[in-house]
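Across the two complexes that follow, chain A remains constant while its partner is chain B and subsequently chain C.
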Partner chain A sequence: MNIKRNIALSDSGFVFNPSTGDSFSTNPIGLEIIRLLQEMKTAEQVKKAILAQYLTDDATFEKDFYDFVNMLNRFNLMETEEKDEKATN
Partner chain B sequence: MKKPLINVAVTGLNAIDSPGPGVPVIRALRDSKDFDVRIIGLSYETLEPGIYMHDLVDKTYQIPFPSSGVASLLTRLRYINSIENIDVLIPNFDAELFNFIKLEETLRDDLGIKTFLPTSEQFEARQKHCLNEYGIKHGIKVPHSKKIFSIHDIPGLRAEFTYPLVVKGQYYDASVAYTPEQAVTYFNKISAKWGLPIIVQQYVYGSEVNVTALGDGKGNTIGAVPMRKQYITDKGKAWAGISLDDDELMKTTRKLIKSTKWRGGMELEIIKTREGDYYLIEINPRFPAWVYLAVGCGQNHPEALVKMAMGMPVKPWKKFDVGKMFIRYAYDMIVELSEFEKISTLGEL
Partner chain C sequence: MKKIQYERPVIQRLNAGVMNKFGTKTEYAPVTEIDGNRVKDLITKFGSPLFVLSEKTMRQNYKDANRAFKNRYPKVQFAWSYKTNYMNAVCNVYHQEGSWAEAVSGFEYQKALKNGVPGNKIIFNGPDKTESELRAAIYNNSMIHIDHLDELYLIKELATEMNKRPRVAIRVNMDTGIYPMWDRFGFNYENGQAWDAINKIMLNDKMDLVGLHAHIGTFMLAPSAYAVAATKLSDLALGVKLKYKKNIQYIDLGGGFASKNTLKGSYLQGADSSPSFDQFAEAITTAILNAGFGESDLPLLILETGRALVDDAGYLLGSVISNKRLADGRRATIMDFGVNIMFTSFWYDHKISPAQEFSQYTEDAVLYGPLCMNIDVIRENVTLPPLKRNDQVVVHCVGAYNMTQWMQFISLRPAIVLIDLEEKAHVIRKRETLQTIESEEVLPAYLKEIKL
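For the complex of A and B:
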């Protein structure tokens, strides 16, 4: 689960994909999650980091997290699985 | 140190809703740090806004329409040159390029006017109706296309195409037809304006990305900046756009320029599919109207073109700013009737 490396992220939550020219806005939690993904953290590590800071439970986090990742995928902000495989091979 | 003054003649002053590249080319030249320019505008119609932009254009002359042929254009250019002593001429319309390419040697040898244009072979090979062969020859994907001369060819298209398909004029205009009936309508509309043949092209789903580029005629890419349109007018023109970081697109551009030994400015129109494939849908043999974005990104293509035309050394750019945007705007100039009168009656302003 890798977010594209060239994604530009500002402190205000403005997300820019330089490959497509698309831009998005995210809230502070989304910004934090994207930053963690950029640091190549796994889903488990992202969960730990978020649960350590916010009052939420495992199930709620996982539901919201995978919803968010699906959205990042849909917006073409994640590396495709094929590329992930190539990268790990 | 005083910068040299270069007299540059520029066409495409129609900064309208379907804009010509003249005004942005002039802005780029005026940004040059290496030379100053005196701009001689060459116009076809009296209401081209660039004629009246006196901070950009020093003097404008009307020239005959491309359909008048090479001889009348040369006569007019001889007259203009006798007054203005033109150093470099930059044509900016597809439809006029044929005449200017034909005149290239005469302009250089007889009048001392330099150009930096594609050869007639390069110009002809990238015509819309030759795109299939062009793609095969240069190893670039292009959507299947075919030229047709009659509406009676349209029913038979189902054997080779699936709807929607794009109906295109040989120089300008394109419409997406979802049914044969729509294809007939667009055939009639576009052929009435731009003549025959009409080119039918398979519609490719994806996002359109464009590249403005400059080749040195020896296979080297001097500069290239890719852009995605962010706001598109009802004529399909970019009203806003953003520069992209896309290695594949740059590779495709460099490959094409190397393979064709392209000389001069160009615009590539490419569709990037969801699967990441790139389909070349058109090559425009001149700078696009959004070429000033390249200047904003650190590559002044018109300046480099003038330098190459003048035989000055030019180094290829290796980078440009990604995420720079252009936003076009409309602006009402107030013009005295006397100015309109001058260009209308004397053909000069």
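For the complex of A and C:
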């Protein structure tokens, strides 16, 4: 599960994909998760980092994280498998 | 280290240059209070979902409407349209302000009488008036608005039988430039039916033709259409004066002024695009004043305004049951209220506000009700902060038609609370119980036993 390395982020939550020109906006926690993913953190590590900082519980975050990564996938912000990479090129 | 308040991560695509048609900024602003009552407290006390009515807004709307017309015309009378909201508490707020009553069924007529409205201040309208209902209306000197010829002949017979002169008006339908034209009620102006009906009443001389009535449509956004209607009714009234030397006492222009809601498919928010009472009043009164009446012959102007007086006084409070992701990636939020109690969600994109503080980040979502039905959609597209289970929302502008057209379907109907001018909350209709629903059911004895 890797996020595309070339995604540009701004502190205000602006997300830009230079290969497609698409832009997105995310909230502070979303920005933090994307940053952690760019640092090649695993899902487990992301969860630990978030639970340490935010007032939430394991189950809630896991559900929301799963949903968030799903959206990143849908928006083509995650690295895809070899064959998908070809298909989009 | 103190932990940060958690909010679910959200990400949204930004579409440069494309207007976001799914909501406006103002929708995200939380509404935590209604007339000094915290939303949270109201839900704790009276349950979720919950209808809330602001007496302050109802009275203010009435005063605004009344002033707009009275500033421009000497004789104005409002008649509360019962079908718009016939909770007795609501009716009596308007009756206290001076409204007469407009009923379109025997049931509504009885409600008006029971609320204390004198019979001669009730307008009895609608296509379905039974013989006994008409007898009561004649006996009580109510204004009977005749919808069709069968009714006209029946009233004539009853007048003879009761030896009493009924006070009648005819309902007139007409082309006001508005499509679709409502031509199924009353008598048509352009093809001469209305004038025919007037002659039948005047020549027969068994009843008093006291008024002329038109209700040209619903959620009207064009004041000019009312000017056309007022001109056509005035023309008929002047025709009666010319031919029979009799004054028509009143012209009743019905209801239909748009409320502050937003019609589905409209890009403009209703609050910005609906004409004001002043605009409607200007169009209507100018048309009547210019029609050619002598100063002492000016008819009373009756208005049966419903939605524009009560819609924005009504709120529906509700809670989030769950969040889902649809197969196409859209966020779906399931609320504890559905189209069964929010009938108007079929016509309007109701404004919905969160009832607690959020950051400014938002998501586009579909809002569903809790019914096991595909049509149970509250908003097809709404932009809201990331809501989670048990978060609360406030739906705006639900005071008109929801508390009369709601269905008891799958779930029980919620309580209705009225917040008075001192900001005290009164239950004006209790939350339904199983007993409420079953009180009218009869189970045949042989079906009482079941063995499984």
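The criterion applied here is as follows: the second predicted complex is superposed on the first by the 82 of 89 C-alpha atoms of A that agree within 3 Å, B and C clash if a C-alpha of one lies under 4 Å from a C-alpha of the other, contacts with A are read in each partner's own complex, and residues count from 1 in each chain.
Keep in mind that, in the parts below, a contact is a pair of C-beta atoms (placed from the backbone, for glycine too) under 8 Å apart; a residue touches a chain by one contact, two chains touch by 3 or more.
As the structure is a computational prediction, the values presented were derived from the model and not from experiment.
Chemist: Look at A:45 in the shared chain and tell me whether it touches chain B only, chain C only, both, or neither; answer first, second, both or neither.
Modeler: Neither: A:45 stays clear of chain B and chain C.
Chemist: Would you mind checking which one, chain B or chain C, touches more residues on chain A?
Modeler: After superposing on chain A, more of chain A is contacted by C.
Chemist: When the two structures are overlaid on chain A, which partner does A:25 contact: first (chain B), second (chain C), both, or neither?
Modeler: Only chain C is touched by A:25; chain B is not.
Chemist: Which partner chains sit in contact with A:75 here, chain B, chain C, both or neither? Use first/second/both/neither.
Modeler: A:75 contacts chain C only, not chain B.
Chemist: Identify the partner contact of A:65: answer first if only chain B is touched, second if only chain C is, both if each is, neither if none is.
Modeler: So A:65 only meets chain C here.
Chemist: Is A:33 touching anything from chain B or chain C once the two structures are fitted on A? First, second, both or neither.
Modeler: Once the two structures are laid over each other on A, A:33 reaches chain C alone.
Chemist: Figure out whether A:13 sits in contact with chain B (first) or chain C (second), or with both, or with neither.
Modeler: Second partner only, chain C.
Chemist: Once the two structures are fitted together, what part of chain A is touched by chain B and by chain C alike?
Modeler: Chain A residues touching both partners: none found.
Chemist: What part of chain A is in contact with chain C in the complex they form?
Modeler: 13, 15, 22-30, 33, 53-56, 60-61, 64-65, 67-68, 70-72, 74-75
Chemist: Applying the document's contact rule, which stretches of chain B touch chain A when the two form their complex?
Modeler: 207, 227-228, 230, 241-246, 322-323
Chemist: Touching chain A in the complex: which residues of chain C?
Modeler: It comes out as residues 1, 3-14, 16, 325, 329, 359, 361, 386, 388.
Chemist: Going by the contact rule at the top, pick out the chain A residues touching chain B in the complex.
Modeler: 6, 8, 16, 18-21
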